[in-house]
Structures are given as structure tokens and as C-alpha cells.
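Common to both upcoming complexes is subunit A, partnered first by subunit B, then by subunit C.
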Partner chain A sequence: MANTPTTLPPTIPLTHTIKQNLFSSPFNTLVTLLTAAFFITITYKFVDWAFISSIWSTEDEPLCKEATGACWSVIDARHRIIFFGLFPYEEHWRSTLACVVMIATIIASCVPWFWSTAKLSTLWLLGFCTFYILMHGGLFGLSVITPERWGGLALTIFIFAAVSIIGMPLSIVLALGRRSKLPVIARLFGLFIDFFRSLPLLTILFTAAVITPFLLPGWLQGDKLYRVIAGFAIFFACYQAENIRAGLQAIPPGQDEAGLTLGLSYMQRVTRIQLPQAFRNSLPAIVNQFVITFKETSIVTIVGFFEILASGSAAFGTGKWTVYYIEVYVFIAAIYFIFVFSLSRYGAYLERKLRVGHG
Partner chain B sequence: MGSVLGSRKFREIFFQALVLSIVAALLIAMVMNTRASLEAQSLTTGFGFLERSTGWDFSFSVLPYSISDSYSKTILIGFLNTLLLGFLGISLATIIGIAIGLIRTSKNTLFAMLGTVYVEIFRNVPLILQAIFWYSIVSHLPKPRQAYSIGDAVFLSGRGLYFPVFNIAIWSVAIMMLLVVAWLFFLPWLRERLNHSHSYHLIKRSGWLLLPVILLAIAYFARVPDTPLLNMPALKGLNFKGGMRMPPELSALVIAIALYGGAYIGEVVRAGLMSVPKGQIEAGFVNGLKPFHIFSRIRLPLAIRAVLPSLTNQYVQLMKATTIGIVIGFSDLFMIISTSINQSGQTLELLAILMIGFLIINLSIAFVMNTINKKIAIKGYEVKS
Partner chain C sequence: MVDQSNSDIPAVTMTQVNKWYGDFHVLKDINLQVADGEKVVVCGPSGSGKSTLIRCICKLEDHQRGTINVLGTELNDNIANIDEIRREVGMVFQQFNLFPHMTVLENCTLALTLVRKKSRKEADAIAMQFLKKVRIPEQSTKYPGELSGGQQQRVAIARSLCMNPEILLFDEPTSALDPEMISEVLDVMVALAEEGMTMVCVTHEMGFARRVADRVIFMDEGEIVEQNSPQEFFDNPENERTKLFLSQILQH
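Let's turn to the complex of A and B:
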């Protein structure tokens, strides 16, 4: 793809670069040495706390009082409640398998081969249904476990996946509606999007959980979990719609006009010309919105759901484990970090790749 | 007739009117349904309840309060608490953000990595988890008797942070703040009128000298009678008396928002610094400016102009994020409103107040930032962020 230059630029020896970069002046050398000392101290202290002086197994918990490091016994003893919440003990394998399926779905949708409407929707519908059947049961001889007993990592992933699967199509509708040529439609969609964007997510989740029973007639209310997911999905869609709209606006008008001249219908122009380019234009922003959404799933703990943050707090909530709150929080932070960091790195990778593509 | 019905224009208008009436019908149905369900619980709608006294307590208030205060005053306190938390958190986050932005744009790769590690750690863990983490750290600090202290004036313990304050009335603080703001707005106006002349500089210099004197005079006359000017915290029995207390909830939230927001603002600042065209810096270099002057006279002024829009966005986001304070029991606007909803049942009215509250905050931030943006814009020069 890239043109190979006929003459390669002169290679600069690595030692020279290092010298220029780190030791160019006495002051710079001092900065380098101080930073290196800081990094080494922090890393050593953390490694010592987390791995060397730490206690690992449940049985060794009495040793924790003397130990200077972390007491991972609490994780060893209580990891099941962190990961599974109140899910029945003997069915934990279902929750694990469901998480693996959903994570695999998320990873697969990062592969460009899947980037077509048909493939992506098939992938996500399949992944989501498998997840739901595994968690909920009632089919293939699996016992029924209602959503009230879901918890931990599986609930976090379920909320994230459900919000994505509902929010993504909705965001496309909202973005197209806001760009409609009909003034009333454009205003209405604009008002809707701006209204939801001006509110904190928590107020929307709270309204969905606590207040919607007043607003909606009984037959429309559904379970509290589904109301919260619906509210979250609308919030997500409003933000994502603005990303997509930015992508749509960046398309040269000639593209759409060319489609018009060829006699394509509105639907054809949207699905064949506008959306593919809009997605390409704002892919990094779209991925970033997923990153933010994954972090924000933690907010549902406030409206009373037992996702991984709440189940973590429950893990050190009893008896002798109450003093080991730092270990549990670090453990949960690490789980979030793995998900969020990998997703955001992927977003950064896409950004670089697309920039190269544009030349 | 048929041609009118079939015309594109007519179809468009008809379609829009249809959509509009469906939306209106849905809204009306929602309001009717709400009224019906509220009446079923024999609750009256309207804002009359705002005058009733609440009868419940909450954790923190910037103003003196009691449980017999009216709903309107309690909600106002919640609003002020949110403003205080947002102000403290955002100010600190901005300072951290500028530092991180500078570190990340350093030419020394190792030093720049320090900023990268900071950003990746604090940006990739949910704010709410960070808030809970800091709250458990702060509330597990030693008891007041074993508090950490700085010069016997500032004390840090499990009860929060205690520090000395002036014994002055609240109204005088408001007057002082107004005075400072008026002075800051007066200066640019004067500069335009007097066109940088000698008398302008004279007025400017004497103003800056006089301002602290006037402020101190106000503080002296407005102090609470029969008390020393400075109110020092001191250990009395099991807890501290006197001084100002920053409770653990507020401290933890300020730390969390400052660190989390600092990571995001650091990225904004970095993008701003990187957006300054190389030619501008090279021009300064060619003209023989020192590296510090290239930074303070060329890079920073241009970077500030580039980051303002995204900074506004970050401030609004952080302001909205303060609502998670409820998870550790900080009585901000959201917590006060949700408690009020539980206690009074005036759901729709209180929700409307909450939304208006956030609308006011967001619009104010946007207004202030846009005004600054317009004031400092360089004509004919635009940096792309």
C-alpha cells in the first residue's frame, strides 16, 4: 500500500537518539535520572506490595496482620461473589461461559472482516442471544435464573452489551433524523439529543429506575433492569448520534449528489454512500464512546444493581474481610483497567491506521 | 385537488404535522398518566411543597441549616454544595491537567512517559470506583487524637480536613468577591478607553496595590464581634472545635474528580500544545527568543486558544460527574433532590428543578468560556485543535 521510497533516509544511530533525548544538557540529565529513580521506586514498591510481600491463599489470612504486602486472601476467598454476585453457586459455569462468549463477540467485532451490517448484526445477535440463554436459562434443560439474581462481572457485561445493541441502531436513526431536510423533524431530533446530553447519566438512570413507573402505564413498565438499560441506551445513543453526525458532516456533498444523479433512493444513499463513510470518518470517536460507556456501567450500582462494583463492596463487607478494602478495590480497578485500556488502545490504533489511510 | 395532495411540498408538511402531533400526544398521555398515578397516591401537584419544612437531615452544607428548613432552602443548599464540589474539583483538575499536559509534551521521552502512565491509570478506571476508593482511604485515616497536622493549624483525620478560617460574616465574602470580579472586568474596559496610555498603567498599578488593602479593611470591619480574626481548629475532647471542616465525603470527591479530570484535561492541554504550528515556534527561535519566552509568548497563548472549546466540554462533563457523590453520601443537588422525591413524593416538580439546576450550571460554564474565547481570539488566526 505504502510507496517504498527510492532512497532511504539516513539512519541515526540509537545511541545518538538516546543522548539527544535523555542527556542533552545537565538539567535534562537530572530530569532523566530523577524520573528513572521515581519510576523504579514506585514500581518496586508496588511489585513488593502486590507480589513479593503479599499473602495469597485463604488459609494464610492470619498471616496478613504481620505482612507488609497485600492480602490477596480476600480475593481467593471471595472472588466468586465479585465475579458472579448472587448467581446460584452450582450454575457459576454458565455465568463464566456467558462472559467468555460476550467478550469473544466484542473482540470479534474489532476485526475488520466483520465490518458489514449483515455480519456485525448477526455476530452481535448470536452473541447476545447465547449470553442471554446461558444466563437466563429455561431452554436446553437449563434452570431459569431471573435477572434479579444476576450480578458481578456478568451483569456489567450484560448492561454494556444490551446498551450497545439497542443504542447503536438508535443512534443512527437519531443522527439521520437530526440531519433531515424537514425542519420540524430536524428540530425535534435535535431537541431530544440535546436534552439528554445536557443531563448527567445518573439522573437518567434514576428517572428510569424510580420515576418511570409514574410516567408510563403499567403494561409498558417492564422490569427495573430493562428500564435502566433503556434509559442508558437512549443516553448512549444521543452521544453516539453526535459522533455519527460529525462523520456525516465531513462527507463532501458531491458524494450524496452523485447518488442522487444516479437515481438512488434515500435509503440506498444512506446505507450505501453516507453511513459507510460516516463510520469511517468518526470510527475513533465511536470506539471512544464505547470505552466511556463501559466505564459508566459502574454507575448503575447507585440505582441498586449488583454489578461488579457493588459485588466487590459486598466481598469485603463481612466479618474478618472488612479491613481488606484496598485489595478488593485494586482488584476491581484492575478488571476495569484491562477492559477499558484494551478498548482505548484499539481506538488509538484505529485512529493511527485511518490517518495513514487518508494519506 | 389531486395534484395538491400529490405534491411533494404537501406530503412533507403533512408528514411533519403528523410527527409533531404524535409527539405532543405522547407527552400529554405521559403527563395525564402521571397525574392519575399521583392522584391515586393522593399527592397534589404544584410547587406549594417548596415552602414546607423538610424534617430530614443531610451530611454537608455550605450554609448553616436545620431540619426545619423549607424544601426550597434545602434544595438551594444542595445546589451550592454541587457548585462548591465542582469548583474545587475542576480547579484542581485544571492545575493537574496543565502539569500533565506539559509533562507529556516534554522532549525527554522518559519524563513524558510519566505523564502517559498517569493518564492511562486515572482515565481507565471509573470515576465512581476512584471516589469510593478515596473515601475508604480518607475515612480510615487515624482518629482526631492521632491526626496528621501541619503547624498545628491544619489537621487531617478520619473526620475530615480541618483548617483555619477568618471569623467574618458571609455577606462580606460576597462583597469581596464582587469587588474582585468588578475590578477584573473594569481593567480591560479601561484599557480600551485609555488605549494603553500612561494613566492606564498608573490606575492599573495603584488598583492592584489598593485592592488587598480594601479587602483587608472589609474583612476587619465585617468580622464577628468579640472573636479573634482567625478561627483556629483545636482538639477538644474527642474531636476538633473551631476552624473550617472539609468532611471526608467532600475531600474524597474532590480528590477523585481532580485526579480523574486531571487526566482528561491533561490530554486536552497536550492536544492544544501539539496543535501550535511548528513554523510559529521556529519563527520565535529564529528571532532569538529564549526557550522560556517561546513557550510563554508563543506556544502557551496559542495553545490556550486552541483548547478552550474542548476544555469547556470537559468542565461540563466533570460538573455532571459530580452527581456520583451520592454513592458516598455527599449531599449535592442530586442527592437532595432524590431524598426530597422519596420524602415528599413531588416527583415531576423536583425532577424539573434538578434539570433546571443542571441547565443553569452547564449554560453558565458555556457562557463564561465562550466569552473568554471571544475576548482572547486573535483576528484572522485560527488554530485547529
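Let's turn to the complex of A and C:
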């Protein structure tokens, strides 16, 4: 032993690990084989349905009745409805561009270089203005298209982005308010948060869309879309505030005391010491809330907006396409998957990045 | 730097200070004066109120009766006073309390840029100067979690020194350390003492107390029971409680 030339730990061969974990007993082996068979069958069936035996173009639609695979003709023929909803046909380029701008803004704000209040606010102001001008028009010779006619992917992404960007700062304020040293303030914020968390999102959106017009003066009402986004953002913020608060709670009190003795002000301690650590502490929950929110955007259908899921239903709603709803839903699921999966992977990347030096 | 006119004002004056946690009387009629440049060591059994005492000096805790005067400014509810005091009083904690999400250098420069309004470059230079002083400049790009306890505590001392404090408070700075790391921290504290820093240290390191303290204070049950020069304090303790305490910590 004393003469061992290396100090590296012994390496365990992969085959050994596999054998240990999957084939250690006859029963274990049986379970492994059955599970493998199950997944291979499922995967093969899906690949065959989606890619091998499938029909792809609009013209080939008559072949679909004979085919055993998916009939992607419906997507080929109706994808514009799915992506753009009721947006006027000849203006679809505007919606496409607006989508690209919004996605670019979201991606840019995920890059650490942009993480300062000044840069982020500039970025989002630019992003939203460009989006609005493109979608709404009325400037630069673009025809006016009111939000009732916005739809599809552009609307889904817009609602998600707007809810996040209004909801995030609000959630921080709510979380800090609930932790205030003044009992009255803490109670009030606590009540506010718990009130909105106790209501179904549906109720909040319905109230925002249908009931608030009776309560608010005309100049404060804004468009139905903005009221719905405001309601959604408050709902989001109340949940996110609790995630952030959990993260704040986990910070040892000594951190704030160290900041105090260095002479840092409340705002400086919050932005430099507390929030960075709170975000790190509850990152999984925070990302989870974004994921849920992206998927929940589909609920705005209820108050009359054609986000991507509703536009999808419209896509197979007429004529010969009615039988191909499965293809449409699979297609929309794939779109959701791309966004939500990217979001989750980004969350995992952040966790790795923020864990630097924390063992 | 201390103004010449300032040097005859005591660093800390506590007069009849009383504090309660609920109905638990934690500080009882504390009278304490620390002169400019003086080094005071505070010891006493666990729970006797030592931490509370020095936390009152930098206003991490409020006292309910009596007055505390730091560098000629009274600690009351006046926000401006509190801010002024906190800029002049540094504190080193038992648990280091370094900011885990910042590098060693960032820990040191944070308050320099935010409170002292130094430029990034100036702040870096000052921080490196103090990291050299605590003999740890080569770790400046690491995160606290990558350092040993002794190294972390030295960084914490450097972080306080960056603010150029008039008074440095230590709350059991070596109690959370493995035995072999205690001396590297004490060495830094001895060096500071020799440079004339005003220091109030809660510690049970009797060697350190003998070497640098001008005065040792013994606290028990929220009271200052006895205070004396280290020589007298350790060799001829007067009070029974002091004798008992000393026999307990010197036993092993």
C-alpha cells in the first residue's frame, strides 16, 4: 500500500455500476427488462406515428385516411391560425417580428451581463415598446390592430413576459413588506398576499376582465388585456413573494448585522446582501413559478383571448380538419415544451452558477 | 485618522446602561469607559451579557435605560447619529459573517464603494492593502466557502479595517475556530493592538489578554463584577465569582 504510485481514488468500471444497480438479483433483472421493453415500445410507436408513417403536406391530406401515422397536413395548412390567432393575415410578419423581439428580450435578460437595474429596465422598455409598436401599430405607417385581435404565440409570450416583468419587482416588494419590522406593515402585506393566494386565478382574471370596468373610472380601466395582465401579475407576485420570503428567511441574521456594522443602508443591504442570497436559496421554487405561469397563460382563453392553445382549437375547428385535433395538440405541446424545457434548463444552469463557493 | 482634538474624548462611555429582553434583565447598571487607544478584554460565563454589551456599542441592540456615548456622539434614536457611529465602529463576529456570494475582495470593497464612495480602483487598492496586512492577499479572488475558518476570520478583520474604524469590537473571534487556527487570528489582533487601535474584545484567550489588554473586565449575570489590569486580574482576583470563573477556564 505504501508504494501506491497514485493518490487518485480507485475507478469503478461502468459495467460494474450497471450490474450493481440494474441486474443485482433475478427480480431486479426482470423489472429492468420489462421497464426497458415498455419504454422502447412506446418510443418506437411514437417515432413511427410522428415521423415515419406520417403525412406532411396540405395537398397529401386525402392520404391521411389510409395512413397509420400523424397527419401533419393540418399543421401545414393551419399553422398561421395557431401562431397568429385572429391577427390580420397580411400583417402576420408584424406578429412574427414582435415574437422574435420579445423572445430576444427574454433571452437577453437571462444573460448575467444585463443584471443591473439600469440595463434591465432599458432592455425591457425597448423590448416592450418595439413589441407594442409592431403589434398595435398606429405609428410609422403601420395600421392599428387592437389587442382583441392579437392572438396565438405572440399573445402567449406577451402575457408571460408582461406578467413576469411586472410581477417580479412586485413580488420583491411584497416579500420585503411582509418581513417589515413594523407589525402593522407586515400584517397588511401578509393579508394582501394571503388574500390573493386564496383565490383561484380564474376568479382574479374574470374580475379583472369583467367586473373592474364597473368599479374603475374610465381613464383608469385601460384595455381588457392590460387589466387581465395586471390581475395575473398580482397573482404571480403573491406566490413568488412567498418563494422569495422563504429564501430571505434562510439567511442567517449575522449577514444583515455585518452589513449594518459596515454602515450599509437598508436598500444597500437588501440589494447587495439579502436578495442575492434569497434568490440563490429559493431558485428552484422561483423558476418553478415561472414554469407554472407560462403554462397558466392558457387560462386567459376564458376571458376571451386567443392565446396559442385557443388558436390551436380554432385551427382544427372547421371543415375537414376537425378529426386531426391530436396532431394540433401534439404540435402545441411541442411548442410549450421548447419554452418550458429551456426555462428549466436555464434554472439548472443558474443553480450551478450561483453555487460557486458554496460547496 | 484621529483628530488631535478628538484624542481626549473617550472612545466609549456607558453610563448606568440597562437592557431587558422581555422581562429578562440582561444588562444591569453598566458603567464603562474606554479611552482612545485603550484595549479592553471582556470575559465572563456564557449568558452573562458580554455579546449584548458590545452589540449595544454599535447599536445592533437597543438599550432601554442609561446613556451610551461613542466618540462624543450619543447613541439615541437619531438615525444620523447611528449611521455616523456605525461608520466609525467596526465589528468582528464569532461566526465571521462574511458574505458568501461575494469573493474575498468584493467582501472588502463593498462598503468602500457604497458607503465611502471610493472608485472601484481605489477600493481594490485599499482592500488589497488590508488583505496583505492580515496575510491573505493571495486568496482575494476566492469565495469565503473555499477558505478555512482562520482565513475567513482574518478576511472579516480586513473587511472591518477597510472602513478605517476608530474602534474595533470583537465578539469571541476565535471561539468558532479549530484550535490550530486560533493563533493566526490572535497574531493579527496583537499586531492591530500594537498599532494603537482602540479595541473591545470579548474573548477567553487569556494569553492574548495578558499580552495586549490594558484592562480586563469580568461580567456575570449582566453586571460588571470586577475590572483590573490583566496582571492583577489573573493573579489576584478579588471577587469570589471571578475566582470561580478563572479556576474553571484555567483547569485544563
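Following the convention adopted for this analysis, the second predicted complex is superposed on the first by the 341 of 359 C-alpha atoms of A that agree within 3 Å, B and C clash if a C-alpha of one lies under 4 Å from a C-alpha of the other, contacts with A are read in each partner's own complex, and residues count from 1 in each chain.
The definition used in the following text is that a residue touches a chain if its C-beta (ideal position, glycine included) is under 8 Å from a C-beta of that chain, and two chains touch if they have at least 3 such contacts.
Since we're looking at a predicted model, the values are computed, not measured.
More residues of subunit A are in touch with B than with the other of subunit B and subunit C.
Contacts of A:194 after superposition on the shared chain: neither subunit B nor subunit C is touched. In the superposed model, A:206 makes contact with subunit B only, not with subunit C.
When both complexes are overlaid on chain A, the residue A:309 reaches subunit B alone and has no touch with subunit C. Of the two partner chains, subunit C is the only one that A:257 touches; subunit B does not reach it. In the superposed pair of complexes, A:329 makes contact with subunit B only, with no contact to subunit C. With both structures placed on the common chain, the touch criterion links A:59 to neither subunit B nor subunit C.
In the superposition on chain A, A:295 contacts subunit B only, with no contact to subunit C.
In the superposition on chain A, contact of A:217 is made with subunit B only, not with subunit C. Those residues of subunit A that touch subunit B in the complex are listed here as 21-22, 28, 31-32, 35-36, 38-39, 182-185, 188, 198-203, 206-207, 210-211, 213-217, 295-296, 298-299, 301-302, 309, 313, 325-326, 329, 332-333, 336-337, 340-341, 344. Within the complex, the subunit C residues that touch subunit A are 58-60, 83, 86-87, 89-91, 93, 95, 97-101, 103, 110-111, 114-115, 142-146, 156, 159-160, 163. On subunit B, the positions that touch subunit A within their shared complex are 12, 15-17, 19-20, 23, 30, 33-34, 37-38, 106-111, 113-114, 120-121, 123-130, 132-133, 136-137, 140, 320-321, 323-324, 326-327, 334, 338, 341, 347-348, 351, 354-355, 358-359, 362.
Residues 252, 254-255, 257-258, 260-264, 268, 272-273, 276-277, 280, 354, 356-359 of subunit A touch subunit C in their complex.
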